[in-house]
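Order as written gives the chain letters A, B and C; numbering starts at 1 within each chain.
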Amino acid sequence: MKVTFKSMTTELKAGVLWVSIDNPPMNLIDEKFVQDLITLLDETQKDDKCRVIVFRSSDPDFFIPHVDMNKIAEYTAVAATSGGPDDISLGALYRRLSESRPVTIAMLEGRARGAGGEFLYACDMRFASLEHGVIGQPEIGVGVYPGAGAIQHLVRLCGRGNAMEVILGSDDWNAQEAERIGLINRAIPQNELLPFVTALAERIAKFPEAAVRLAKRRINAAGLPPKEDVQVDSGFFQILARDDSSAARIAALNERGFQTRSRAELEFGDVLGEI
Amino acid sequence: MKVTFKSMTTELKAGVLWVSIDNPPMNLIDEKFVQDLITLLDETQKDDKCRVIVFRSSDPDFFIPHVDMNKIAEYTAVAATSGGPDDISLGALYRRLSESRPVTIAMLEGRARGAGGEFLYACDMRFASLEHGVIGQPEIGVGVYPGAGAIQHLVRLCGRGNAMEVILGSDDWNAQEAERIGLINRAIPQNELLPFVTALAERIAKFPEAAVRLAKRRINAAGLPPKEDVQVDSGFFQILARDDSSAARIAALNERGFQTRSRAELEFGDVLGEI
Amino acid sequence: MKVTFKSMTTELKAGVLWVSIDNPPMNLIDEKFVQDLITLLDETQKDDKCRVIVFRSSDPDFFIPHVDMNKIAEYTAVAATSGGPDDISLGALYRRLSESRPVTIAMLEGRARGAGGEFLYACDMRFASLEHGVIGQPEIGVGVYPGAGAIQHLVRLCGRGNAMEVILGSDDWNAQEAERIGLINRAIPQNELLPFVTALAERIAKFPEAAVRLAKRRINAAGLPPKEDVQVDSGFFQILARDDSSAARIAALNERGFQTRSRAELEFGDVLGEI
């Protein structure tokens, strides 16, 4: 990559672009990350040397905890610079991620919640550390709404009943349980995770590109939700994020250290049940 | 609830309405149960104190064994009093259950077969006792047809291959196997089941209602089958239930104690293979 | 059956037609197999004594390894003699298999890859030997394309993420992992496989035919992919099979014994990663 990123580092090796999300203090989604993701998709779209992207995190505790609740307007404005006039949301940008030229693999070693979970589902595949991977969609428990694809993806990946449990329960899911219901491809012991993902990514990177791209496109055509449904969900997120009903709960979370490196973020699922 | 039920008991606690199906001698679906379900849905629709309904059974052996084959006309007539002019079936009433204002959780400790299984799938989530939960769709083995949603739900929850095995095989599934294929959310050891369901139900009952209802509605929009498909299945049930082809097998089942507290009901799957 | 098959043997017992694929040297799909499959479907369509078909293999190593790459034109020409003017592909013939009058069960004891895997998904149910069953969709790794239904079936059976891993990864899946992601109904220990399949097949064969056929038809209506999508995939296979991009990899495979009883076929997934 001849471009510079502010929220991630990149390294190209054997056709695989290793992208490490590195946006201190804790990888919250903000305008820097959204801009970098747009740049990354733009650059890899025209670069046939990057056949596979692996996303990981430089922070051992957090992959992406969720969006920065104080920067929704800012990152949404940046997201709106990508795609067409109806694609002004994080969900629409994630759709571009799903339709990216390279194959995308998420390697999860910490927590991915909210729009961090939705980032995972937008990738083509996702593998999590058995010991350290945690996924959650806590939006409903906060009083907001999963507006970047979780509803649509989870029904298709896990079925209606499990989608209800994940989303209405708003709790944390460890890697083993996430594998069981189909949230992720596999839960893999920490010491085997990097070798597994490396082998798979480098394997695919060697395969003929025309075949890989065509298969990805056709799997997406059958497996991705209609764009319109994610647009509707994006709209509901914007409405509920401004609604009073979530204010009291967000205030209670803030008292407990929400959006800081605290128990509120480390054990979000538990804390949500306590307030 | 200020109403009286004939086939169930209710208790509201911490925003959770505990409904225990109590319709002796063995919880067969009849006109009393259907009327009570309609009343329950009507009442909870306007009651914002009931945020979650948990369905369980007062009978340790049977959640709902199936419909009372001698009362199909009676309960169908009652079901027809609910909903619109095209919604004259148990399947249409179950659809109202799926779209209920409260979140619904089924807690299965005994047998749920036929329209009892379909009741489970209509709920938002379902958890079963690892030791005692049993699910079956024995209709095809009897020569009738699963007309209240099983076909549509199972394809979406379990995939086409597993749906074929459950429905064409007409056998009993224990909780562990039911979890494996996605029929239920989880199989939980009996002594942990009530605490688990209580914690989940009370957790959701505390979350902001606007967010919960919206998420439920959107998950349903993506995950429920089209109403028309269930209507078609309802029609096929009515046709096959009157067809001669099932008469011989129902007679053979009757000889073995069908619709009584006998081995034919306790071990339905096995008995069906013997006749 | 009053007909003679060149690539399979048949035996009718207790309403179950046991079909053993027997097409030496290694059960590659060729014009003989396609013709026999057409004949089998034609004959069983009018034979109410055959209620269930079980497909197995006479070759302990190979169920169906894949199509004979040297006979694509030949078997496609034969496939074109079945079905309507738009149904000129193996995928369309497999659709006829999915919609067959008898219930179909695949019993997998060796390797099924490529169009062999797609044969499995077209069947109503599939059970594999825990020790010996292997499934793979190696097309993309070869530079060709799974054109007989894998893309469409896998998204529906396994979800988008697992479909990406199976198809883009192009690797072998053992029976246990295949069960985990929903590729097959069950992985069953070798010494229990035949008794299990026999019991299930004979059980269904005793059930009233009208109910069985109706349920199968309705499950298919909800669970099979649109024919048009398989037609599109069939077209892509024909294009990529003639494309230069796969020539170098097929040449490399040929050097290693592709389409012979060699390590290239026994350990296809591994060999594909080495070239």
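Quick note on the criterion: a residue touches a chain if its C-beta (ideal position, glycine included) is under 8 Å from a C-beta of that chain, and two chains touch if they have at least 3 such contacts.
These numbers were taken from a predicted model, which means no experiment stands behind them.
Enquirer: At the chain A/chain C interface, shared numbers over all numbers used: above half (same) or below half (different)?
Expert: Shared-number fraction below one half, so different.
Enquirer: How big is the rotation relating chain A to chain B when the fit is done on Cα atoms? Please round to the nearest 5 degrees.
Expert: 120
Enquirer: Averaging over Cα atoms per chain, report the distance between chain A and chain C in Å.
Expert: Taking the mean C-alpha position of each chain, the two centres sit 35 Å apart.
Enquirer: Mind pulling the chain B residues that touch 2 or more other chains?
Expert: If we look for residues of chain B contacting two or more partner chains, we find 156.
Enquirer: Quick check: in the complex, which residue numbers of chain B touch chain A?
Expert: On the chain B side, the touching residues are 103, 121, 124-126, 156-158, 182, 184-185, 199-200, 203-204, 206-212, 214-216, 218-224.
Enquirer: Which part of chain C faces chain A closely enough to touch in the complex?
Expert: Of all residues in chain C, those touching chain A are 139-146, 151-152, 154-156, 159-165, 167-171, 225, 229, 232-233, 236, 240, 243, 245-246, 249, 273.
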